[in-house]
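These are the structures, in structure tokens.
Two complexes come next, and they have one chain in common, chain A, joined by chain B in the first and chain C in the second.
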Partner chain A sequence: MNARYWLALRRKPGMFPALLALWGLLALPPVRYWLEASMTRHMIVQMPLLVAIGSALAHSLSRQQRCRIVAAAGGPLALLTLASFASTYWMMPRALDLAVASGAADAVKFVTLPLLVGLPLALAWRPLGVLGRGFVWTNLISMLVFIGWLYIAAPLRVCNSYLVDDQARAGWWMVYAAAGIFATWLGALFVGKPPATVDTPCAAGYPAI
Partner chain B sequence: MADYNYVAPQEHATKGGVLAYLLTTAAVLLLMMLFGLVMRAEQAQLISIGANAFYQLMTLHGAGMVGIAGIAGAAIMWHFLGQYVRLSTTVLYANLALFLVGVAMAIGAVFIGNFHGAWTFLFPLPGNSMGLWSNEAAATFLAGMLVLGTGFLLFQLDIARALIATYGGLGRALGWPQLFGHDDGKAPPPTVVASAMVTVVNIVALVVGASILAMMLVNLYYPEFAIDPLLAKGMIYFFGHVFINATIYMAVIAVYEILPRYTHRPWKANKIFLLSWNCSTLMVMFIFPHHLLMDFAFPKWMLVMGHVIGYLNTFPILIVTGYGALILVYRSGIVWDMASRLLAVSMLGWAAGAMPAFIDGTIRVNYIMHNTLWVPGHFHTYLLLGMVAMVFGFMYYVTKPAAQHKDALIDRLAYWAYVVGSFGFALAFLYAGKESVARRYAEHLPAWVPYDRIGTAFATLVVGAALVFVGRFIARLAHARSAHLRAPAPLGVAA
Partner chain C sequence: MKIVRRDLFATLVVAVLGTATLAWGSDGFSAFTAETARRQQVLRAPRALPTAVLEDQDGRRLTLQDFAGKRVVVEFIYTRCDSVCLTLGTAFRQIHQRLPEAARDSDIVLLSISFDPQRDDPAALRSYAGRFGADGESWRVVRPLASDDLPALLAAFGVVVIPNALGGFEHNAALHLVGRDGRLSEIRDLAAVDAFLADLEART
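Entry: the complex of A and B
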């Protein structure tokens, strides 16, 4: 693992208040209503930001805390499975409708997306290795294209809260997002220097994030 | 500057996983060749299996050949790349297991479900069988392709992981520091460069393939979720064309690794070599529209791109590799045996096979030639005499009992039967194409039958030769497990 990587993942104690502030900002009624008024903003901006907050939260934990959580959860695959199931729920149109119609459901979304998707994904990320991460990325990219197409091609509204044109717009943004993620991820595989130092794994054998 | 003195590489025993791949290749390849022979005999009106069975065989022959070319290429790449980077045996076996599951699903869909919508599964055919097959049969075939693709994606991701672990990034594995900077002679070996190229293009192709397969699966059951047929065709051809192209780029690693052992001349990745592979990394992904030139509704820029890149991509790797092989062999004192012969003829087959595609890639020619037997003539030359010859050469090499071992008369006869048979078989396709014989027709007009009969005779010769190759491979399998010297020293050079 090169030194640059550790620098990027060094514990940042000041991060937690900043994350909390961002989370609070997203939860503010005017911001929340504005983001949730459009399917595109709801799915492509608000929800990924909530996942990113959870993911950043993982980096505000100490290395020992991260190792303990990964071991307690049963390893990176268990965490990945948890993140997959939780994110699958929030991909369902009915879940989106509920989040818009009910404050309680929206609150659940604000808690589960960071804690059950972003955090476990970030904790599982590094131990997954290039192969596992590559599989997650490629699966995400192909599924984003697939779901984007579903939203574009659907002959009816999949969510009661949003109009068909908004739905199609969200679909196109998913396709654009997939293309952007693909280009960024593939591009990142091209850069880097030969590894000079050896990574120190967790006591359980999992590489720490 | 690179050091051009030859340093003999260490010989390695062939891993069990690679042998499992090669055994699968031998079995599936023979079966696919038999299917091909039966189809040609049907068109030649020598047998009568009926149109339904013809299209079933055509579907399996196409899907099976693309899949097994991938498996055979993967075996060669894994065997040699494993000498430079640490690869995962678990992923190697996982890919084979998923391949076998995918093949079983495709065979079930065809023989039990009667699916015969061709390996290209072009939308909307799978869902519009007019009662000839069920949605379940089409779904099983499409899902089989998805399973097969998932295995290859895992395989390629593992190659990417191993390359990044050793070289730091795919850019370095493609020799970017030497290509764009000072050539310090430390460029990655050709095997690594080729593997990096194949990894990049295959990952992109497989992700696109997975997307369109998932879309078509939904459309089968919910047709109201419509797919733009042009988009579907573009995505399918992108996936299929890149994947089958990549198989020869994997198999050519056998040429890069084995010919230097026979000639005692190193094959170095110099700037021209790196430039050609890097250019092809991009061009292979943009060449597929040369199969869509008849689809006038496609955006004009795509068709122009297919035309121009179709011309350009014919040359870089082919010339660098073909010319490199000639330079390597010229006055080297090479001792010809089955492995070196098959690898040398594969260069000829690759070059000869690319030419009909080059001609067909011209828009004016394409309007007339593309739906004729000219196109099967192209890819059969390219695959039979190019890619498959590399695979048979590799099989002979890894199972060779000793460096000085002499080939039996039957092997030498089989070699000539294979070369003559393959050329004759491909030329029968090409000539029929020139005479405007339509492709993908089960039943042929009486005027077309003579070409079919000539093709069938040559196909019989090819199958006979392949039986000898496969028989020899299986009989000598035990020799693959030891790390002994296999290539004889060139004449005049001390062993």
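Entry: the complex of A and C
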């Protein structure tokens, strides 16, 4: 199974119940508190999982459903922009603190990370093309390194809810994640084969989703 | 072409709404951390504080409301602390020493509030007072008596206390000013003792 397999959007309809179960598991108070008790677990485990759930949700939809959502949103660029803004919001240290301090804010996080980041990103993925995807990857990698370095070097806590050494640890994990993503992406570019099936476009003049 | 135009238009709408959301979430791109937000909110709208019964280093009972008409400088501490609290205690001592004598007696009170009331009994509070030169009158070291008063007090001040691996705590330490009307009206950095004193002098 090559890496490109995971990058291309394939329909996996049976995934929906499993996704819902994973989402429910993450939302269970003991799991939620345990993951959010550490900045590293909150940022490096819980939040990426929520995004992945949204992206996997896109994979579980039928082609018609995907086309309908993309059409309703306006198009792939609008979806990518939506994902960028929503993820930027949750990147603010203040939003992280708020999610820990307020159950309502955390509920918003549990809904918006899958539906406004993971899902739109997955739907916009194919139409973005190699260049567009490269833009997303390089942005993600540079942002992880930048914020990670800031967290490692900052003598002050950016979140009131987290210990300063936890913050530095989260910073290191962001740097490791950036390195891992870079290696995977590079590997996929050289090793991967193009997806075997290409869906027909949603509408005339429209890129395949 | 129509499809591309539709996408671009939708992108523009998303960008405008997204920017508005980010602006809302960061108080107009001015507060990206909860700590900055807390300080700005208090400056904009001074906050009412709960009535909590406090016990000082000599076992005397008091509330924040007892100081109506005076200004109160508040820090949050736990007496076993020996890291950031040293800075905090030192900052407080500087403020205490540099206040005009007349103000110290009648106008401004310093209050070190312990958020570890189980361990910080009057004897512990007294030893903290001794360590930093608190006189027990114009600078009192206190703990909340009722267990549910502490969360209310911390919430009103916006102080978050988290236990660390060494059996101590980390907290967003700062200098807090409670105005004559009993409202929390300013929060400043520990390092900003000069600015804090200047503000005390300017706002009479």
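To be clear about the criterion, the second predicted complex is superposed on the first by the 185 of 209 C-alpha atoms of A that agree within 3 Å, B and C clash if a C-alpha of one lies under 4 Å from a C-alpha of the other, contacts with A are read in each partner's own complex, and residues count from 1 in each chain.
Rule of thumb we're sticking to: a contact is a pair of C-beta atoms (placed from the backbone, for glycine too) under 8 Å apart; a residue touches a chain by one contact, two chains touch by 3 or more.
This one's a predicted model, so the numbers in the text were calculated from it and none came from an experiment.
In the three-chain model built by superposing on chain A, chain B fits alongside chain C with no clash.
Comparing chain B with chain C, the partner in contact with more residues of chain A is C.
When both complexes are overlaid on chain A, the residue A:Tyr89 reaches chain C alone and has no touch with chain B.
Residue contacts after overlaying the shared chain place A:Trp149 against chain B, while chain C stays out of touching range. When the two complexes are overlaid on their common chain A, residue A:Ala21 makes contact with neither chain B nor chain C.
Applying the stated contact rule after C-alpha superposition, one finds that A:Ala183 touches neither chain B nor chain C. In the superposed three-chain arrangement, the CA centre of chain A forms the vertex of an angle with the CA centres of chain B and chain C, and that angle is 100 degrees when rounded to a multiple of 10.
Touch criterion met: A:Ser161 reaches chain C, while chain B stays clear of it.
By the touch criterion stated above, A:Val31 is placed in contact with neither chain B nor chain C.
After superposing the two complexes on chain A, the shortest C-alpha to C-alpha distance between chain B and chain C comes to 14 Å.
According to the touch criterion, chain A has no shared surface contacted by chain B in one complex and chain C in the other.
Chain C makes touch with chain A in their complex at residues 1, 3-4, 6-11, 13-15, 17-19, 21-22, 25-26, 31-37, 160, 162, 164-165, 170, 172. Within the complex formed with chain B, the residues of chain A that make contact are 129-131, 134-135, 138, 141-143, 145-146, 149-150, 153-155, 182, 186, 189-195.
On chain B, the positions that touch chain A within their shared complex are 88, 91, 153-154, 157-158, 160-161, 164-172, 174, 176, 200, 203-204, 206-208, 210-211, 214-215, 218, 224-227.
Across the complex, chain A meets chain C through its residues 73-78, 81-82, 84-86, 88-89, 92-95, 97-98, 101, 157-165, 203, 205-206.
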